[in-house]
Amino acid sequence: MSFDIALIIESVPKMLVGVGITLQLLFLSTLFGTLLAIVTLLMRIGPFRWLRWPAIAYIYFFRGTPMLVQIFVIYYGLAQFEFVRDSFLWPALRVPFWCAIIAFSLNVGAYTAEILRGAVQGVEKGLLEAGSALGLTARQRFIHITTPIAVRLSLPAYGNEIISLMKSTALASTITIFDTMGVARTIMAQTFKPYEVFISAAIIYLVIVWFIQMGIALAERRFGRYMKR
Amino acid sequence: MIVVGWLDEFMWGSLVVLQIFFLALIMAVTWGLLGAAAKLSSNRAAKLTATVFTTIFRGTPELLVLLIIYFGSAITLTSIAQFFDPEVKFVDIPPLWAGSFAVSLIIGAYATETFRGAFQGVDPGTVEAARSLGISSTKTFFYVRLPQMWRLALPGFGNHMLSLVKDTALVSVIGLEEILFTADIATSVTIQPFTMYMVAALIYLGFTTVIMYGVRLMEKRANRHLEGGR
Amino acid sequence: MAQTEQDPIIRLKNVDKFFGDFQALKKVNLEVFKGQKVVVCGPSGSGKSTMIRCINRLESHDGGRILVNGIELNDSLRNIDAVRSEVGMVFQQFNLFPHLTAVGNLMLAPRLVRKKSKAEAREIAMRYLERVHIPEQADKYPVQLSGGQQQRVAIARALCMNPEIMLFDEPTSALDPEMIHEVLDVMVELANEGMTMICVTHEMGFARSVADLTVFMDAGEIVEAKPPQEFFENPEHERTRLFLSQILSH
């Protein structure tokens, strides 16, 4: 057994093609997931009781089950139903890429909704009282006081969530998507050199994580100018 | 219902998940305590090692860690075995152990940070008070620091346990016959993928619910002394 | 080294203490005899806490010698534990163990250090809780107690080890005015029973009525050490006078 440097040099460019897919998965799922989280949050903390329960059930299910199982339910599972196969969504639901996006978005949505709820509850009561004393309506208080402060409060946890999503995108390789991980597994199957192939992939992932961390740190500084350290 | 016929298989799968869970939990706590001790020590090399450990295992996909550990160890073991006996084709660590070990490294990396934070969160005044009473430093650790750390570490550690139980699903990828693997087999026989994967999901939901309530109970116990505070 | 009645129970000889380059104690000399009550005062940062923390080696000194009850404080672990079980300490921030009840706080050291049984430890603990007048609070946790009650639990916790010497580091500074006297009362009672005490405090009423010796520190030095009568009426040094005029004026 020897360490095959040539293989690393050969396979890293191939994996970089996969990085494109990884980043697409990451970006689209973050976008859709965050939108979903905001809707869920409003349902969860809004005034309508009948909207609260679906939000709670959704969060509970997606936070309580493994992502891999969720991916399989969506990608393999939905095809079990006639009406799904007949629906207009079928062209998307049979494509692994979109199934992965759906699974990831639903997952991010559930986690982020809870992060945002924590942040909203973390806003000091005194500030809201001050807002009422100034005559702001509940809606104005939510938009002008709660939201900006909660955004800042949620940033660290939200950042961790994005990193966690980035790592989870590797699961897409289990439904035949050739993201970074998928490419790595293909090369591995051809060469059976796990160290060279997987360590190269790990380094690629670590670099991406590093970039995300830099981005979050920047955002924290940008949104946190008024906060004392 | 077609599921009923598969219930015993799912039960065996669940037992495997529990096995991985407890094996990995014990190892993860060990790595976490060692990691935290290393990060808090004044030894430069220990600190650096712990930082490399947490950076790698918190920054690489769980699946990748699992595959490196499993196939890496397999290829190493195989080449060692072939050195002694060229006839050997393939030797691996049993997937149960490789899987538990891989998952424990990931969770251990997170636990390192949690334990470190909890250690630092303990009011140093209480430690001084114990020392000033002549209580030895080892006993101070066990009777004064640890009980307080426990309370601080619980919420984070509860989340790690949830991640841990969910990460066991990955081990199906290296062929261990746990819940998800059972669902795969059941699907290929019954052609009812939604039903079977949902069963798997619900079993996991059961596990996470139990852990969540367990942790909540423990937190309540750990926070007893804060009730009715002024 | 044999201990005789005439020897001081605490002796600091030319003690130096550095934090990095900063010298917190400069050639400090102090002798305290058995049964004496010493009050230490001085401006913030003058080294009062540092000095008494050196006496039970929560800080280690860098120069000079410290002897407590005839035992030299050095790096010997046995000496440190011997000294610590003779010397009780009470902190400004109480430092009660938050995860233990009041009585649990008192029982911990007797059980771990003195190897008492649970029942014995509890009996001792209750005795001392009665001495500080709060036996009814025994089963409450620290957060459920007022500041004054917490500090009395802390005093009782130290007393449980039956110390020869008690050190107090600003025991009343974290308390609301109405709670200060309940802690001071306990300290006066203790003084009247003949306990050897070193007490960092700015409660000058306490110093006048209880102290045998009043020590003024500034910039890491002991500037003046006298019986309280002389100390208040006839301070020798300009720095002492300045300090006294500041704290006595309010």
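Letters A, B and C mark the chains in the order given here, with residues in each chain numbered from 1 onward.
The working rule: contacts are C-beta pairs under 8 Å (C-beta built on N, C-alpha and C of every residue); 3 or more make two chains touch, one makes a residue touch a chain.
This is a predicted model, so every value here is computed, not measured.
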Centrality ranking, top chain (CA atoms only): B
Identity of the chain that, by mean CA position, is farthest from chain C: A
Euclidean distance of C-alpha centroids - chain B vs chain C, Å: 47
Interchain centroid distance [CA atoms averaged], chain A/chain B, Å: 22
Euclidean distance of C-alpha centroids - chain A vs chain C, Å: 56
Chain B partner contacts - residues on chain C that touch it in the complex: 56, 58, 81, 84-85, 87-89, 91, 93-101, 108-109, 112-113, 141-146, 154, 157-158, 161
Residue ranges of chain B in contact with chain A within the complex: 55-56, 59-64, 67-68, 71-72, 74-76, 79, 162, 166-170, 172-173, 180, 183, 187, 191-195, 197-198, 200-201, 204-205, 208-209, 212
Complex contact set, residues of chain B against chain C: 123, 125-126, 128-136, 139, 143-144, 147-148, 151, 224-230
Of all residues in chain A, those that touch chain B in their complex: 1, 60-61, 63-70, 72-73, 76-81, 163, 166-171, 173-174, 181, 184-185, 188, 192-195, 198-199, 201-202, 205-206, 209-210
